[in-house]
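See the structures that follow.
One chain, chain A, links the two complexes that follow: it is found with chain B in the first and with chain C in the second.
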Partner chain A sequence: MASYIVRRLLGLIPTLFVITVIVFLLMHAMPGNAFMALVYNPKVKDPAALIARLEAQNGLNQPLYIQYFDWLRNVFQGNLGMSQSLNEPVSQAIGQALPNTLLLAVTAEVIILLVSIPIGVLQANRANKGFDITTSFIAVLFYSIPGFVFALILLLFFSFKWNILPSTGTVTPGVSYSGSLGDHIIHLVLPAMALALPSLAYYTRLTRGNTLQVIVADFVRTAKAKGLRTPRILFRHVLRNAIIPLVTQFGFDIGGLFGGAIILEEIFTWPGMGELSINATLSHDYPLILGSTLVFAVTVLIGNLIADILLAVSDPRIRYD
Partner chain B sequence: MNKRTAMFSAAAVVTLSGLLAGLAGTGAFAATKPVAKHAAKHAAIPNGGTLVQTVPSSFGVNFIPLLDSSAYNQNVTGLMFDPILTINANNQLIGDIVQKWWFSKNLKTTYFKINPNAKWSNGIHVTSKDVELGVDWLASQSYNNKDNGAYNYIVSSIVGAQKPLPDGTTPSGFKIISPTEFSITQTTVDPTNLGSNLQFITPLPTFILGKIPMSKWSTSAFNKQPTIGDGPFTITQIVPNQSVTMKANPYYVFGKPHIAFNIWKVVSPDVVSGDLVSGQVSIAAVHATDFNKLKNAPGLATNVTPQNSYDFLGWRLNNAVYGKEFSNVKFRQAVEYALNRPALVQALDKGYATVVNGPFPSANSYADKALANSYKYNPTLANKLLNEAGFKIGKNGWRTTPGGRPFTPTLTYASGDSLLQTQAEFMKQFMNAVHINLKLNAPISFEQQLNELNNDTNGKQPIQGFLEAWNLGSGPQDPRGLWLSNATFNTTTQDWTQPVSVLKQNDKLLAEQASAAAYNPAYRQRVLNQWQQLWNTQLPTNNTISDDLLTVYSNKLHGVVFSPYGTLFIYKWYLTK
Partner chain C sequence: MSTPLLEVRNLKTHFISRTSRVRAVDGVDFSVERGKVLGIVGESGSGKSMTSLSIMRLVPGPQGQIVDGEILLDGKNLLKLTEREMTNIRGNQIGMIFQEPMTALNPVLKIGEQIGEVLTRHRGMNKAEAKKHAVELLKNVGFPRAEQIVNEYPHQLSGGMRQRAMIAMAMACQPTLLIADEPTTALDVTIQAQVLDLMRELKNRTGTAIILITHDLGVIAEMADDMVVMYGGQVVESGSADSVFEEPLHPYTRALLESIPVIDEERERLTAIPGTVPSAANFPEGCRFADRCSLVESSCREKMPELRELRKGHSVRCTLAV
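What follows is the complex of A and B.
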């Protein structure tokens, strides 16, 4: 397994290289750069000279391949460059944003797993009965509604109408409890729910389907014959087998949740990687675009790797060596 | 406020009444009168409370004044650091950190007297040394060569500051007379310099920044969270990319603000209206659609203020395909008559906008009121002018160029704004109605539009007609930055390639409004009116409408001074329970 992980990690390098080259070329194919807007300040006596100086300072007057390899060399030295729009190191901007996105994605994933797995198992156990039909209908309904619609509905009721949960940010500024655990949690509820609800429905359906396949297996019948209680059979024996596809899906979803968080972060003004990436793209902030792309790419690739590893851990029949 | 295109500070000029007050030695009254009024009211007004204002997207963390060009950062530094002079709601220069100012006989040197109440938030007086540090910073090599350097223009008119100076070097035109008096000598006599440039000089605390080499300022702890300021509020907490919390400065030059805390919070424009209703935000500008919905919402008050900005339809007069046609003044006049601008006001802004007929919107104190009724919607006259100019209507119903070629100009506009899309569609309809086969290009990014406008010396970029907007920002106006024939915008972005005689007249009038004689406000206004009339005849751009600023705020918030130049005098605002 260890050698497999090392091989997979080494395999990430060419993939990342290709991703960054593509993003770099696409980024430079867009006309203009972060300094172009200075032209629109009529007080600046010689905007062309100012822009030329800023471009030279940031290496934008160099041929593209030199710019790319300069960036790559700096990355290997742990330097992602300076954000041209924020005027601060890219690593610092990402360092502030990444934990927020991770917190949001992990919380959403926890909500998904804690809610969907028990419901899915119970649905399978009571297949085609009232509980199954009702919760399946709700699950399909949730699955068909995009996260940003949930976001707006949740905001409308919980924040705007009832004013019991904040609409934006991760902490309440200017109060004594600012930044406390409780403060963080109340800010996390709405965006995490909006991110979790559509996936929650999907996971519920997945768990139900897998459980229905396992529940008719011989070992389940044997367990019943031995007189084991239904909850024990379901959550100890059936679930361990039914959960394997979910574990794989969990790994793949890490990247998916990162992507899904982009729109929701914008709506909830959640200062994460999504908002950072959008602002970087809109302002043509090349170092920040590349830095955030790198983080997204690494997250998706690592997510896939985790999925493979979890699959091997949860299913003894799978061996990578 | 969140206009669809370029947001920038426009060229500013001195407000002459303020200048003359300074010349006559009565500048002090301009500064002290509001203070006295404020002090008298102070006792009756409740103090305390927290004001929450919004910015639409996250900002960097550079808070040394003028180091960062981000407008959002400047919201914070604008409350933390006061400049030497400011403006009132009538666009007149008034005292701030500086209480009085007066001029030498040759008008090249301005003398300044610091307000005795001007203190840093730790109670230490603001001195001429602090002002000197602010000047040195903008003139320094570190600021100009290493950091942003975008605001060097503020000091570049001072003798000795035409090129970046070694760090810590004071331009020879800046002299300290005493701890509370200093003078600035400029290279030329120019009545606009005080209002457009020197006004923005911002004192910096020598007892902190004076001990740090300028080359290290951008990475200093003070830049990341300043501990001292001379503005109405000082920073107490920064949550990166989310909020900046500020508390009232007890030593503020005009007295401690009534409101105890001000929070700048990053809030998506999508949720601002909901946050206003729920009370999570105290004051914010909204679009007309939301404004009408919020007008009757409980707990909220509203305000409509004309803005110092406008939208326009531009034509690339040097365009390789149709530049000759666009250069015909009759074409642009015909377009102006063909635009149903009152209809645009209703369609785009639900009536909250005004038609613009000159280079200044009507809210601007320099706007020539005589132009208000020019170019009323008249497609018949538009057709007549086009016919006279030789744009004949062909068999297919569309006009041809005077040379007989098909005339199918295109219109380019920036993506990402549905209102801009609607505006473009209106333009197409208006042009089609006078038989001009205007076609809409697919929307492009604002950056791409800028790029194409600014790199088109041979006229071969795809842009022919385009939609843009100017926000003339706060402060008195100096039109030279935009409209001199050799100004950057006229050689690149816009066009003013009129006959030489017109250009000469344009430049002469613009020079005249900034001459020594223009220290007389009536004279300057007269010259500016002549220039606006010339502009209105020549129409280098087809200006359309100026949106109103629609503000919604808590009905517990009082004392807000709304103006075309923004909301002013936050220290006067107060909150009731």
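What follows is the complex of A and C.
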């Protein structure tokens, strides 16, 4: 298993190479760069000269392939460069933003799994009966609504109408309980819910479908013939099988959840990777764009790897060696 | 005479949909004596599996329904029990093993857990005790390395080993009745013999009665004390295995006996019975075997023959049998 993981991780390198090359080319295809805005700064006397000097300092006057390989060489030395818009190392900016996004994504994932799996299993157990029909209807409804619309609806009610949950940031500034665990949690609720809701509906449907397939299997009849009661049959014998395709899908979706976080972070002014990368793009901050792209790409690929590992762990019939 | 362990009376199990009614089991009577083996034979579709699933009250619903009859275990009608009471009987007083040991075991749970959970359910053992006991049970069914087997998954075992594990599981609570629905059909010949030997040995050791369902009259001859021949959802002949083999009274039973391949004799060929089993959705009037019977008369098609006891303990459903 360990050697398999190492081999898979090494296998990620060519993919990452291709992704960064593409992003590098696209980013340079955008008109202008991070220093062009200085033209409009009234305090700068000779903007053209300053821009030329800054471009030279940052190597922007070199041919593209040299710029790319310079960046790559630095990455291999663990150096993602200096952000041109924030004036701090890219790694430091990412180091502050990434934990926030991870917290958001992981919380959303936990909500998704804890809610959708039991509901999906119970729906399948009484397929086409009242509970199944009503919850399935709600699930389809939720699934067809984009996450940012949920975000706005949640904000409207919980923050503005009823004023029970905060709408922005990760902590409440300037109060005694600022930064406490409870403070963190109440800030997390709305963005995590908005991120979780559409996937929650999707995973409920997926669990229901998988469970319906497994519930007719011969070994379920055996379990009944042993006198086991329904909860044990459903949540041990059936779910243990139905969850296998589910965890695989889940690993693949980690990247998607990360992507979904980008828009929500804007709405909730959540200082995570989404905000960071949008600001980087808007200000043409090349090192920051490349750095955050690298983080997103690694997340997606690690998600795929996690999917494979979860599959191996959850299905004893699969062996990796 | 004490009462039989199990008595099935006029059992009817039908599959009912808006457009059709499949009479899978249609008025079946038989009984199983304590510690004895009852063999049930019959062609595919004659209702053997549905009869056994009816006894367990595991007929696939909602279409499959037990619409009539009584199933008395120790004089207690199982059809009157609540589902919750029935779960206390299954796996405890009645064990069941199925034809396909690969699909009948859960592929992602360890053998030890699948055996052990019967004991935690019915014997109130904790997980550690149950696992320890599972090792003993596996040794009893002939596993030499039982300590390892409890930690293995079904796909790591051969077909014969899986069926042994199934037997260990079904026998875990020392049931008074074991139902085996074609337990050896999926296995190759030498393994078949081993599994049958094991079942016989366990029966002798524990006194468990067995309902053994099979296509194979040879298996019945070897194992059964009593036998039931089924055709079209009905019992067409029943009695002690000795008397049925000695003097088969129903034309269908006689045809079945003739179709046993007899090695080392001149008629080595398997003479299959011509014609096909009538569809359970659409049985003819009168005798259900009439279309394939060489002795058929017009009276056979008019009225359903009764199951009549012609010899002591030996009954037949044929108007012409004497």
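Following the convention adopted for this analysis, the second predicted complex is superposed on the first by the 319 of 321 C-alpha atoms of A that agree within 3 Å, B and C clash if a C-alpha of one lies under 4 Å from a C-alpha of the other, contacts with A are read in each partner's own complex, and residues count from 1 in each chain.
Keep this in mind: a contact is a pair of C-beta atoms (placed from the backbone, for glycine too) under 8 Å apart; a residue touches a chain by one contact, two chains touch by 3 or more.
In this text the structure is predicted, and so the values were computed from the model without any measurement.
J.: Should the superposition on chain A be reported as showing a clash between chain B and chain C, or a fit?
T.: fit
J.: Determine, for the superposed model, which of the two partners chain B and chain C contacts more residues of chain A.
T.: Comparing chain B with chain C, the partner touching more chain A residues is B.
J.: For A:I94, using the defined touch cut-off, is the partner it touches chain B, chain C, both, or neither? Pick first, second, both or neither.
T.: Neither partner.
J.: In the overlay, answer first, second, both or neither for which of chain B and chain C A:H284 touches.
T.: Touch partner of A:H284: chain B, not chain C.
J.: For the overlaid structures, how many degrees, to the nearest 10, lie between chain B and chain C at the C-alpha centre of chain A?
T.: For this superposed arrangement the angle is about 160 degrees.
J.: For A:E275, using the defined touch cut-off, is the partner it touches chain B, chain C, both, or neither? Pick first, second, both or neither.
T.: After superposing on A, A:E275 lies in contact with chain B but is clear of chain C.
J.: After superposing the two complexes, find the smallest distance in angstrom between C-alpha atoms of chain B and C-alpha atoms of chain C.
T.: Minimum over all C-alpha pairs: 47 Å.
J.: Would you tell me the residues on chain A in contact with chain B in one complex that are also in contact with chain C in the other?
T.: none
J.: So in the complex, the part of chain A that touches chain C is made up of which residues?
T.: 217-219, 221-229, 232, 236-237, 240-241, 244, 314-317
J.: Residues of chain B touching chain A in their complex?
T.: 6, 8-12, 50, 57-62, 67-70, 145-146, 148-151, 153, 156, 196-197, 218, 236-237, 239-245, 261, 263, 265-268, 270-271, 274-275, 277-280, 445, 447-448, 450-452, 454, 481-482, 487-489, 492-493
J.: So in the complex, which bits of chain C are touching chain A?
T.: 56, 58, 87-92, 95-96, 98, 100, 103-109, 117-118, 121-122, 153, 155, 166, 169-170
J.: What part of chain A is in contact with chain B in the complex they form?
T.: Listed in rising order, the residues are 30-33, 36-48, 50, 53, 57, 83, 85-88, 96-97, 155-156, 159-161, 163, 166-171, 173-174, 178-179, 266-269, 271, 275-276, 279, 284.
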